[in-house]
Structure formats: C-alpha cells, structure tokens
Amino acid sequence: MTSRDENWTTSAISRRNLLKAGAASTAVGLIGAPTVLRAQTPTVKIGILEPLTGALSYNGTQARAGAQFAIDAINAAGGIKSMGGAKLEPVVADAQSRPEVAAAEVDKLAQAGVSVFIGCQASALGLASSQAAARYNLAQVFDVGTAEQVVERGLKNVFRFTPGVNKCTSTALENLKTLNANAGNPVKTAAIVHEDGPFGSGLAKLLNERLPGMGIQVVETISHPTPQRDFTNIALRVKAAKPDMIIPSNYINEYTLFAMALRQQRVETKAIYSILGGGASNIKFVREQNDAAQYVMDCNHWYDPRKPESQALAKKAAEAKLDMTYDIMVAYACIQLIADSLERAKSGDREKMIEALASSTYSGSIMPYGPTKFVNGNNEGAQPVNTQIRGDKIELVFPKEYATAEAVFPMPPRG
Amino acid sequence: MKHATLGEWVLYGAVCAYLLALYALPSDVWLGFTINALIVTVLSIAWNITGGYGGQMSFGHAALFGTGAFVTAILQVRLGVNPWLAAPLAIAAAALVAGVIGALSFRYGLKGSYFALVTLAFAEVLRILASSFSITGGGQGILVPYKAGVENLQFASRVSTYTLALALVALGMLVTAWMQRSRFGAYLIAIRENEEAAKALGIDTFRTKVLAMVLSGAIAGTAGVAYLQTFLFVDSQIAYGASMSVEALLGPMIGGSGTLWGPLVGTLALHLLGESAKELVSGAPGLNLVLYGVVLLVILRYLPDGLVGLARRVRLPRRAPAASMKEAR
Amino acid sequence: MSALILPAMLGGLTTGAIYALVALGLTLIYGVLHIINFAHGSLLMLALYGVYFLHVWLGFDPYLAIPIIAPLFFVLGYALQRGVIAPFSGGKEQNVLLVTLALSIVFDNLALYFWTSNTRTVAVSYAYTMVEVGPAFIPLPKVIAFFAAMLCAAILWLVINRTRIGKAIRAVAIEKRGAQLVGIEVEQTYAVCFGIGTACVAVAACLLIPTFYVTPQVGYAFVLVAFTTVVLGGMGSFAGALVSGLLLGVIEALCGLFLGETLGQIGIFVAFILILLFRPAGLFGQRTA
Amino acid sequence: MLRVANVTKRFGGLVAVNDASLTLEQGRIVALIGPNGAGKTTLFAMIGGFLTPDAGSITFEGQEIAGLPPHAICRLGLTRTFQIVQPFAGLTVLENIAVGAHLHHRSRADALERARLVAEQVGMGRMLDQSAQSLTVAGRKRLELARALATEAKLLLLDEVMAGLIPSEIVEIVATIRQIRDSGVTILLIEHVMQAVMSLSEEAYVLNQGKMIAHGTPKQLVADPTVIEAYLGHGAAERLKGGAHA
C-alpha cells in the first residue's frame, strides 16, 4: 500500500467538537441554559469543507491534509500572535461531492462557530457552499474553484485565492507563446482534449478563441465524459489530425488512460501541454506511467518549491506517505492567507474576517503569487505556473524566477 | 381506509412534532438539513405514486426531477421568464417527459426490472443531452442569479425556504391522500396487485399507468424546481445523475412503499441516519456510508414493510387484533 | 475521418470484449435469479483491487492472478448470496435490488476507507506492446481480453449446458418450483450461480487492469453498460452477452467518432431503449412475458 | 346477445380454436364444455379481449368486439373471470370488489356501497375486511365472481368457478349463479363439474380440439356419441352403449 490514509486524530477530535457544538446549541434551545464550554487557550475555528467521499474524494482528502499541515505549522509557530497566540482549530466537514450536502454542511460550520472556511475543490460544490455562507456573512476561501461563475455573483464572502480558468488559460497561453518563440515556433497546430464538465468545457471555449491569435490553429477539439472508459478513439482522432501539440484537460483517471492511449497508438507530437490537467501534476501518474509521462508539461496550481516552508511541507507530506499534489499545496496556502488575515483582524469575527481578507495584500504563502488583491473575490495576484515531468520528478519550469529546471520544448522524439 | 394504529399515531405525531418544533427553535443546521430532506421527500412522493401505489419501479426519476430543475433554470436565465411563471411550465415539462417515458414503456408492455432499466436509460440519455448542448450550459450547468425576494421565488431566510418545502410536501401528501380515496388510486393499486385482473374489470391499465406517470412527473418536477430555487445551480450530473433516482426510491421503500406517510417518514429517517453515521464515525470519511449501508441492510432484513409497516403493527395492548379488525371498516 | 472508421471499429471491438466479460457474470445472475444486481460494479472494483494488490505485494502478473482471484470471488459471491442477499431480501424482487444497492454502498465506501480514492494503475511491460491488425494498432492486453472473452463465454456455456450443476441452474432458471419438486436445492443453486457470476467478474478484472485503473468508484463506469449488454444479448444468454458486448463497443466507438465522445455515449443508451421497447427479450433471447 | 362466428386462433403451428361459433340469448345460462386443452379458455380470452382472433367475428349486442382491448369490452357490459383466480392479493375482500364496482361508480363511497351489496349477494358479507390472500379456495372463487358482478355486467363469462370446490360449496355457488341470472345477467360458463352443468345450464356447447362439435341441452349432449368420444376417446360411445345393454 502506498498511501494509506493516516489517522487524522486531530480532525477527528474537531469533528466531535462540531457535534458537541451542535448538541450544545440544541441544548441551549431546549433548556434555555447556555453553558458553552470554554477552551483553556483562545482558539479560532477554521472550517475545512471538502468532498471526502464520492467522486471527488481524492482531491478532498488531499486538501484536508494540506490544511491540517498548515494549521499544525501555524499553531507550532505560536498561533495568531495578535490574538494572544490563539490556536487555529480545524472543523472538518464532508461535502460528499454533492452540492446540496455542501450547502447543508455550511450551516453546521456556521453553527460550530467557524470564523472562515476553505473549500471545496469543485466549482459546483463551491457555488452552493458560498451561496449558503453568504447568509451568515461567512467568508469562504476557495482552494480550487476555477469556474468563473464563482466570482461573477457579486457575493461579498467569496475569496478565490487561486487563479480561475480565465487567468490559467491566459497565463498558459503566454507561457506557451514564449516557449514556442524561444524554440523557433515549431508548434503551429493543436488538438484539445477536455472533460465535458464545467472546467474542461470553459477552457476549451477560451482556447478556441485565443489560440488562433497566437498563430496556432486548433485542428481538433474533443470533449469526453467523466468517466470515459476508452481513449483509443480519441487517440486515433488526435493522431489523424496530426497536431504539433496536444492540450489535454481532464481528471487524473482519464488523463492516465489518455496518456497510455497516446503512447499505444504511437501518436507523435512536439508537445503535450496540459492546462489544469489532472494527471500531469500528479506524482502518482509519473510513478506508475513513467514512460507515458515524460516531458508532459502542465500549467497548473503549484507551489514555489524553493521556499523553506514549501520544502518543510513536502517533507511532512512524505512522512505522512501522501503524494505531493497541488490540492495539498493550495489548501496549505489558503490557511496561510487566513492566518495572515486573522493577524490583521485581531479577531475571529466573521464581519472582520471578510474585511481583512478583502483588504489583504499577503504575499508570504508557499504559492508563487504576487501580493494578494481581491477584486470581486478574485485574487488578481494569483498565477499558475508551468511544470514538466522529467524522469521521476515534477519540475517547475516556468516562469523563470521560480524554475527548478529548464523547460524542454519541444520534447525530444520518443523511442 | 383502515384506522391508524397506536404506532402510526406515535410515528406521525413524532414527525409532525419535529417539523413544527423547527419553527419554535429555529436552528440553521436543522433547518438546512430538513430542507434538503423535504425536497427529496417531494421527489419520493412522486416516486411513491408510480412505484409504491402503481408497482412500476422506476430507476430514473432523476429524468423528471432534472427536467423540472433545468426547465425553470433555462426559462429564467436564458429567456428572462419570472420564476413564478417558469415553475408551472417546468412542472408541465416534467409531466410531459414522464408521460412520454410512460407511454413508450407501457405501450410496449415493459414492467418489473425492464421498466426499471428503461427509466434508468432515459435519465442517462437526458444527462448526456444536458451535458452536450449549450442551452443547458453544456458541462458548465446553469447558475441562477441570487436575487432574494418573494417575486423571484427565492428566500433569504431559512425559515421561509423551509416553509415552502414543507408546504410542497404537504401538498404532495394531500395529492396522495386524494389519490388513495379516488377511483384512479383504486385502479392504480389494482394494477399493482394484478394487472390481468384489472384489465378484466374494465380498467384501462395503459391509460391509468401513463396518468400515474404524468402525475408523478409533475410532482418530481416540483421537487426539481424547489431544488433549483434553493440552491440556484444545476448541472447535468446533479439533475439527471443516478444518485437522485436512487434517493427517490430509497425513502418510500424504507418508509413503506405505497403508503401515504412512507416517503416522508423514510426520507427523514434516512437523512437522519446519514447524519448520525457522519457524526458517529467522524474523521473517517467512507466509514459513515458503510454504516449507512449496513443499517439499510438491517432495515431491509427486519422491516420488510418499512417503518410505516412496523408502526402499523404496534397497537394498544388492550385492543385485541380481532376487535380492531372489526372496527377498521 | 473515414480512414478512422476501421481502426475505431477494431478498437470498439476490443472495448466491447471488456463489456462482454463484465456482462457474462451479470447475465448468468440475471438470467437465473431474475434480479438486478447493483453490486456487480462494486464486485468488479473489489476484484480490481485484488489483482492490484497481488501485483504490488506479491509481484503477481495480472493474468497469473486469475487462478487465485477467480476462486476467491466464487466463494465471495456464494457467501453473499447465501448469507446476505437471500436472507435479507426475503425473496422479494424489489428488495433484492435494494439489498444489492446497499451492498454496493458498503463495498465502495469500505474501499474508500481502506484504500483511499487514489487512482492506482498496474504498470506491466506489455501494456505498450502493440499488435498490428490491418490499419490499427491494438495493445496486446486488449487482444488477450478479446480472445479471453470468447473463451469465457464458451466455458460458461459448457458449464451450463454440459455439467450437472449447469443442468440444475437451467432447471431453476426456467421453473423454480418444478426444480424444487424434483429435488434441486434452489437456494444452493442460486448461490452457486451467484458465485460463478462473481468469479466471472473477477476474471474480467484481471484482464482489464493492464489497460485500466482502479479507484473505489470504478465500478460505476461499467455497471450501466453491463446491464445494457445483458438486456441487449437476452438475459441469460452467454453468446448474446458476447455479441452484444462487442456490438455496443462498436456502437460506442462509432457514435463517439461521429457525434463526439460526450454525445456519443448516447448511442449505447438509445440502443438500449430501442431494444427494450421493440425486442425486450434481446437479440438472442426468447420472448417470455 | 353474444355471437361468436367462425373464430380461429393459432399459436405458432398449433390451432387452439378452429372456426368455432356460438350464439347466446339474453337471460340464459349457457355452458361451454369440453376436455382439457380443447381451447375453451382461449375462446374466453378472445371474447374478453385478452387475445385477438386470427379470423372470425365476435359481436356483443350487435357490436363487433373482436380485437377491442379488455377494458373496452368490459365497459360494454361483458366481464370475464379467470380459471386461475387472480385476486388483488394485498387488498381486502371489500376493496377487491370495489375495484369492479368503480367501473360505473366514480366516487369511492358509492363504489364501496355497491361492493357491500355485491358481497352480500355472493355470500361474502362477513368477510369484507379479510385480506384476499387469506381466503380459502372457495372464498377466492367467490371473490372472483363478486368482482366481475360488481362491474354490473350484462354478460358474465365464468371460467371454472367451481373447480376445486367440495360438493357443499358447489351447491352454494350454483344457487348464487342462478340468483345472479335471475337478477338479469346472462351467463356463459366453462365448467368441468358435469353435475353443475346439468343442473345449472339450459344449453351447452362442446368444444374439442378447437372445434365446436356439438350444441344442445345438457341432456341431449350427454347422450351424444361424439361428445362422449371427445371426452373418453374413440369407441367409447360404443363401449358404453354395449355396457349398458349387457
């Protein structure tokens, strides 16, 4: 077994606290005698709303782990100093990969008295949860929620720390343009293969609009459902279109099958350039399908691997036998952002949290982001980076200032 | 109609007391939880008409639920129709879809597991269509802008949303109660019990079954509308995914299929079970659903007639069964 | 596009062989016990994990795992029918459906708890060994699966038509009461039947994993198609399951090619609905109503 | 009232009913007899609309009904019962009968009222709240009859309502059937119990291997050699005659 879920005793305890909070409040209502247990040291409750079961449970579980690492690190470093060393206390809730459950769990988080919460991996879940949280003036820091609908609703409690699909696409295209230009523009045609959910579809639309402007013709756009059982056909279509570059955008299972099919059908291209691709930034894919994975490039959420905190996080993840995925990094960074806002707000009050987040200029997270700047809930300081699979590692290759390796573009012909 | 037994009085009394208590002690957690359960209850009531009373076990009620949700969303967002007008149109659309599915299936004599599978397939077809065309938002789904207000059929307060959901459940149960006492209901039950005999007694079984589907579709569509107006977002997976179809049938089957209170009792019980399981094995996601599944198995094993069936067997001790039989005219 | 038709069809045939493999066990269960086994996908998932761990822990090649996994799953299936499905459903068809549904919830989430939702794949050297068939390259494991599907169907046919237990199974399938009267133990036969069906799904898992992955939810990807295959082929017909599995693979491949993969899935379900409406006994079944 | 003319029904290669005809006058009790497998139930199924004849015509009160669906035929006033009883097992006796009564009574109360009357008529007044499942064979046969009667049919097709009953029960049901006829309902019955046929019916048709081989009063028919042969095999009439003389 490679990555058996560790025993998250801390979060288990907090789950019980949540139950207690619920029970206590019921008791309050019933008996009318408010007896809230006070903790010895001041604490600030942070909600972690992730899909821990259901279709998205892998991402959700990883994100929960990342948030927990961050909370442990912050507490170990003395908690929130402006609040007398207050400790962060996670309150974990399972969104079950279902929007209505995500919304209902927000009620519980609010009841449990969280000051802010992070979540919840998929846009559909995040849309539902932030809508519910708006009722409580409760801020939600989005770890991943790329659909632009997230920040188009005018909700004051939405803070998407990571880049959305628009930003990811434009950065990916800029980076691609640079890479292509540096190599003497070998890439002139592209095929897009994307999952048919919110993120893949939105992305494909954008790419079709913008690639031609860069001198790259889109010769094939193929959408597929999740799950898709067989990629032979898609590989064949891609092969027939003879693109210089393939842009896959899907979840890890499909990404794995697609990469295998490309290799099996001997599809030769100059580049596999994925945007928010589920597999290309997943070390598991690299380990298990190493041949198929070589030189695959991805523009995705990724941390700045040179920061000491990043390295400490990587070490912790390895100790916990967890694969280092972007879900962990992003959740970690979101907690960092929250801790910074708490320092400035000097209070766990929800209203003040929203103010503090809205005025944040934080730039100390593990992510390679500029100063935080929320506009309509969208962090304009956020940016994705390019990674590339090299050997058995995922290297950051672009932008230059964070790079751990030189990009190889186009990729060398395969044997 | 038979008289309710002591057990039934206690069970229904407890359910009503719980539902009313939420007004006295409004807790957002419990309100939110119950709103979800009530919306599913409306869908369960729909399923119960065809599945419980009519004996036509559908595995694709998501097709009707999703149509209700999608049509309201499309009318509001794409055509700017007011939700008060969009809702009845969506309900009509769901009824129409139900009628078409029913007419096709019953015209060709599908029943039992064949009917279950064909309804499942219809829901899948709709799911694929919804994720393929831009009118339904393709894969991105449809987000309805949040504009709280009675005129927009959106409620800022939980209590109002709850009242709406409760009213819909009450309405659904009234329709069911009416049906139980009507000729249509008698015919539907007769078909469930023995279709050949029903035909011989002058019942147009095809028409009756299709009508049941239409009625069920309208109610399921109502559930879809309620879902959309509550969560303001729908995509193909939420609307037409298999999980809604399963939710639709679990409640009545656990509560007591073909009974007036079965969908409400069963759905509430299952949602409570789900929550308790979550709290009981907190911190170990997955185990809660294992527990849920195991309890489900135990209910199936020991309560073959559901919770309502259990309640029916609980009588006042001094009243001998024979005596009560006589009284129950 | 036209140059792709033939390779797509060949690809579809090999995918279809997997559908057929998964459906073979299901059609036996459906044909004899007349129940919708919703746990079938979950059993496939469990078998995939079984093969995976045999490979990772003990270095078993997936194909060599067949003689271990298949008997194991026969026992599992037998025990499930005897110990859970039969007693818990009380013999009611609708309850069987719920029992298998509940079982699948239990299995899927046990897997999630113990093995997490990590995607796991088995890296075998021959996954990229390609066989050239006319204009198409087909991965060796898929070619193996294709022929194995035929072999499995043939073996099942022999077991059902040429052995004593097969005779009992057929008798029970046709007339439960009558079989009981002539001294066949119906419950025992049901359990054996469920066991064989489950063993089939285990074999399918061994053949599938070299070109696929496993997660706790992997069963969903196959369960609906498996039902379609069973109905299309005629419940209880192995030849039917084989042919319809292949046919569905081709339908899916061609619809995917011409309608796009998203809309193309519709092909399978439309075929399913049409078959149910116009020929509910399937391509190879006798109409019984 | 009912006229079956040259009706034929084939199942694959098997001809179940072959060019059979019969006529039924209003207000009579007519029996349809014949050995097992003669095609009686198939003929009933065609009259009731459960099967469509391959050839021939069936008219009820001057209207062609061959090929009409069962419920439409029932609404015209022609109701059949089943040889193998088909109760609504989960319902009570009263509810079972009320289903039939609903045909002409939309309101539940009226249908239940009518069902009670019918139950009294067939002697089930004391079993109203018993579940149909718990009834004895005789009870189920009665229920079958009661349900059909509750549709206020003008013509009842009774398919072996006496099979499996003990003699005392047969006496009771014969009386009931006669009473029903006296209330103005015409009756066509399939019956094996010859004693009942003899006492109950005014005329009878004999069906053998799908063909109508004889028609007459029951007395005439028992003396008819073709009928005896149909039941007992070739040469039986001769042997019987010989035996009688010996």
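By written order: A, B, C and D. Residues from 1 in each chain.
Keep in mind that, in the parts below, a contact is a pair of C-beta atoms (placed from the backbone, for glycine too) under 8 Å apart; a residue touches a chain by one contact, two chains touch by 3 or more.
Here's who's who by UniProt: A = ABC transporter substrate-binding protein; B, C = Branched-chain amino acid ABC transporter permease; D = ABC transporter ATP-binding protein.
None of the values given here were measured: they were computed from a predicted structure.
Looking at the partners of subunit A and subunit B together, the chains they share are C.
Judged by contacting C-beta pairs, the busier of the interfaces B-D and A-C is A-C. Using mean Cα coordinates as chain centres, the one most removed from subunit D is A. Nearest to the common centre of all protein CA atoms is the CA centroid of chain B. With centres set at the average Cα position, the gap from subunit C to subunit D is 49 Å. Mean C-alpha position of subunit B lies 43 Å from that of subunit D. As a whole-number value, the distance joining the C-alpha centres of subunit A and subunit C reads 36 Å. Centroid to centroid, with C-alpha atoms defining each point, subunit A and subunit D lie 75 Å apart. Subunit C has residues 109, 112-113, 216, 220, 260, 262, 265 in contact with two or more other chains. Residues of subunit A in contact with two or more other chains: 53, 57, 61, 196, 223, 225.
Taken pair by pair, the chains that touch are A-B, A-C, B-C, B-D. Contact residues of subunit A toward subunit B in the complex are 8-9, 11-13, 15-16, 18-19, 22, 25-26, 29-30, 52-53, 57, 61, 92, 94, 98-101, 103-104, 106-108, 110-111, 124, 127-128, 131-132, 134-136, 147, 149, 153, 155, 195-198, 200-202, 223, 225. Listed in rising order, the residues of subunit B touching subunit C in the complex are 57, 104-105, 107-110, 112-114, 116-118, 120-122, 124-125, 128-129, 131-132, 139, 242, 246, 250, 253, 257, 284-290, 292-294, 296-297, 300-301, 304. On the side of subunit B, the complex with subunit A involves touching residues 25, 27-33, 35-36, 39, 128, 131-132, 138-141, 143, 145-146, 156, 158, 227, 230-233, 235, 237-238, 243, 278-279, 282-286, 288-289. Subunit A makes touch with subunit C in their complex at residues 1-5, 53-55, 57-58, 61, 196, 222-225, 227-230, 232-234, 236-237, 240, 252-253, 256-257, 260, 263-266, 284-285, 288-291, 323. Residues 48-50, 69-72, 74-75, 79-82, 86-91, 95, 98-100, 102-103, 105-108, 111, 128-129, 147-148, 150-151 of subunit D touch subunit B in their complex.
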